[in-house]
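Common to both upcoming complexes is chain A, partnered first by chain B, then by chain C.
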Partner chain A sequence: MDFKELMEKFGGKLDAQAKWDDCVVVSREYLHNVVAFLKDDPSCKMDMLVDIAGVDYLTYPNHEGPRFAISYAFKSLKHPGLRLRLKVLVSESDLKVPTISDLYANANWYEREVFDQFGIVFTGHPDLRRLLNHVEFVGHPLRKDYPAQKRQWLSTNDYLLPELEKRLEALGYWIVKRSKEVETKDNEFLEGSVKE
Partner chain B sequence: MIVRDSNGETLDLMPLNVGPSHPATHGCLRFMAAMDGETIVASVEEIGYLHRGFEKMVERGTWQQVVPYTDRLNYCSAIMNNIAFCRAVESMFGVELPERCKVLRVIVNELSRINDHFVCVAAAFQDLGGTTPFMYAFNPREEIMCIWEKLTGARLTNSYARIGGLSRDAYDGFEQDVLAALDSTEKALKDLHACLDRNRIFLDRTVGIGKISAEKAISYGWTGPCLRACGVAADLRKDEPYYDYETYDWEVVVGTQGDCNDRLQVRLAEIEESVKIVRQALKRLTPGPVDIVDPRIRVPAHKLAYQDMEGLIGRFKSVYEGVRVPEGEFYSGSECANGELGFTIVSDGSGHPYRIKVRPPCLTQFAAFHELVEGGQLADSMAVLSGLNIIAGELDR
Partner chain C sequence: MTDEAQKPSIITSSLDFLVNWGRTNSLWPFPYGTACCAIEFMSTEVGRYDLSRIGSEYVRFTPRQSDVLLVAGTITYKQAPILKRIYEQMAEPRWVIAMGACACSGGFYDCYCTVPGIDHIIPVDVYIGGCPSRPEAFFDAMFDLQKKIKDESYMKQRAGRVRDQLEMIKAKTAEAKAAAKDFAQEKVELAKEFVSEKEQELVKKAQFWKE
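Entry: the complex of A and B
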């Protein structure tokens, strides 16, 4: 199908870099609408979000335009073999993109990963934390200016009780007594058990 | 942790941490569950304990040096990852592989799938307390491992595929070894089905456990056997065929319930289909070259490097500078044992990858883990986890 025609109403452009598949560059203001449209439109029905990948163009030769890009890959199970990528360009001065985690459940973790690796903030994301890197990690490792040899001292463990309470609240429970955050210098931390 | 539920009843929940180092978590997975007695009320997952920075590491080497890294994604079927990556790069080059290479890739792909599914089913049964099926499944797996040893020199991290071909051709007697392995695979399948299908304990532990609807699974981006267990007949080998998969006679296996039992049974049935494909592929295996002849893509053979000036230059350039993948961006997904393994590749036209993003099939499956275990018992969560076949190597990259 011809995505070019489809994207005219959203002001999208075909990506010149995509020579082997279809990719449309859309502005971030329209991203949420475009994705919602693609998901529901019967002629494409992109019901699966396959991947979200961040790209940092800092050292890309002869690159003009914003430093970061986010590439969303979609595919359709209704029309097997139909795929589309969307690309959103983000400049370094304003690292914000609207979330699509309300449309696709797996966007939640994918967006957390992009935030973790590139520092791009997804506005409206319910739980924007680091996904792969450690909670104490400083910086965003997949940016091109992050030195690959850099070492960091990471000592504590991820403290999951606040997330567990959030999940309980989402399931309709009311927390009577919240658990106390255990600091690394506390005795409880050294004892290694979770105390209330 | 004292909470009040929607009926106003007060519950005293116990937060229980499972993992990251736990015999039943298969690697380094961690989840924290709020327990009401034996029942999991809520659960949250935490990953990243095996994060090695695959995507940062590959940016520092040449395109060919990515291949050994891909071994470490899903280490139960390393060759499949090699082939998935090489296929993505070959599509960017726009080259057509020789017939023998395609058939050999299909054979090793399907043997890896058999291997991976056997490990999953065996480990799932082991977690539920059954040791016998583990041995049944590991006999043919060992035979396939011996084929890997002869074919690639390694058992686990094979690095067999190359961009534009294979690292080496099949050895003498490869066909006989594969046929023998297929025979023992079929025997093991018979034994496994005898063990599992009507086993009261196994059925009680897996039927109706960790159920997920097809809509939810699609929304979570599930692919591969886990999605097919929900009744969605989606398989990239049929939907977007490559390596002439559409010309082989085989079926896409689907389940009905989307529960733990279906996920394991779909895997066993997929082994049967893979056996069918390999048997047909062996018949198509005719002598011929396995590499494409283009020194800009595939390194010329050693023999040429010693005798021929062009061969020497080609070898030197491609080893030191790397192959020059055309500039552009591409997403390519291949059907691996756990689902769609995708690579989003950004190339700046140099010998080094500018950016490679891996789309691991496990990530989307583990992201839905809390939906599967909430409301069930703690012991069920182990059955669910092993039925999903989460491989931490590709989950955390």
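Entry: the complex of A and C
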């Protein structure tokens, strides 16, 4: 398959630098429609989203154009061996891409990871938080201008029990006793063990 | 009391010996396994190598019941406060073994997310090299730890602890006394001001009536 329809309908361009696979560059306005087309069209039926990756072209040799790119890898389970990569270029001043997590459920965490490591905002994402780095992390570590050895300490645990309780409640469970975060004191033994 | 406890006598030294004998031969590890070193620890624990030969057959998965915190694997910054909290939950006496290159120094993860050695967070007694370390190396570390425990003196530690607590209580009482003194002084000054104001008012009134 040569993805002619993709290029005619949505204005995609074949990436000349991709040597090993088919890579189509689309603009972000058409991205959601392109992915929906790829997923549903009987000629391709890309029903597996393999990966979403962010690219930072800051120190890339002979690169012209926007600084960031997001690369979506698709695979078809119906047509054996059919794979495709989509690439969306975004400039640093406007780091926004529409989400595809309503089409592919696993895109949720992929997009969270890309947001975490590159700072690219996916508009319409249901829960865009950091995935790999901790909550107090400042900056986006996989950008080329982040110093690779710069370490950042986390002061407390991520306290996730209230969220867990919320989810259990949504599933129909009944919570008898809500958990409270325990704050440790340094000289607790001076205060005695019996408390009212 | 502290001086008497520090002097070695027949009773204290034999008590030390007894306590150390008990501690050396029942070291219960808490496996904090995050990577391949934990797999290696599993093979140390079971069948062929059999860690229970030196008395640590019980792997306790709660920090309240274990003596040795065994950190086997990479510790990231997201995990660091959890490890610290688990160490703080362990009852004294407690020892820490850093197993493998990652736990000792961060290994080859020289990057933004990995703690360069767990001794940035908690004190470590024994380091084991290797990536991952062999079960023999782990046994060696356990023997080292046993030697270290045999040198410890329970009575001395207890005396030190009591001394620390006494000093802390003294400092706290001194602080409280100073605070109470300041408070009383403030109150006295306030009362004085109040009295002087009243006096002035009375004087003014007397002058007014005189006129």
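Criterion: the second predicted complex is superposed on the first by the 158 of 196 C-alpha atoms of A that agree within 3 Å, B and C clash if a C-alpha of one lies under 4 Å from a C-alpha of the other, contacts with A are read in each partner's own complex, and residues count from 1 in each chain.
Simple rule for what comes next: a contact is a pair of C-beta atoms (placed from the backbone, for glycine too) under 8 Å apart; a residue touches a chain by one contact, two chains touch by 3 or more.
The shown structure was predicted, so the numbers you read here are calculated from the model rather than taken from an experiment.
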item	value
Contacts of A:Arg83 with chain B and chain C, given as first, second, both or neither	first
First (chain B), second (chain C), both or neither touched by A:Glu29	neither
Partner chain in contact with A:Asp158 - chain B first, chain C second, else both or neither	both
First, second, both or neither for A:Pro141, with chain B first and chain C second	both
First, second, both or neither for A:Asp94, with chain B first and chain C second	neither
Contacts of A:Gly172 with chain B and chain C, given as first, second, both or neither	first
Touched partner set for A:Asn133, first chain B, second chain C, both or neither	both
First, second, both or neither for A:Asp21, with chain B first and chain C second	first
Those residues of chain A which chain B touches in one complex and chain C touches in the other	132-134, 141, 146, 148, 158
Complex contacts: residues of chain A adjacent to chain C	132-134, 141, 146, 148-158, 184, 187, 189-190
Chain B-facing residues of chain A, complex	15, 17-21, 23, 47-51, 53-56, 60-61, 71, 73, 75, 77, 80-81, 83, 85, 104-106, 108-109, 117, 130-134, 141-142, 146, 148, 158, 160-161, 163-165, 167-168, 171-177, 179, 194, 196
Touching residues on chain B, where the partner in the complex is chain A	1-6, 10-11, 13, 15, 17, 30, 32-34, 41-44, 46-48, 51, 53, 55-57, 59-60, 91-92, 94, 216, 218-221, 223, 232, 234, 238-240, 326-331, 333, 340, 342, 344, 346, 348-350, 354-355, 357, 359, 363-364, 367-368, 370, 374, 396-397
Footprint of chain A on chain C - complex, ascending	77-78, 80-82, 85, 88, 110-113, 115-116, 165, 168-169, 172
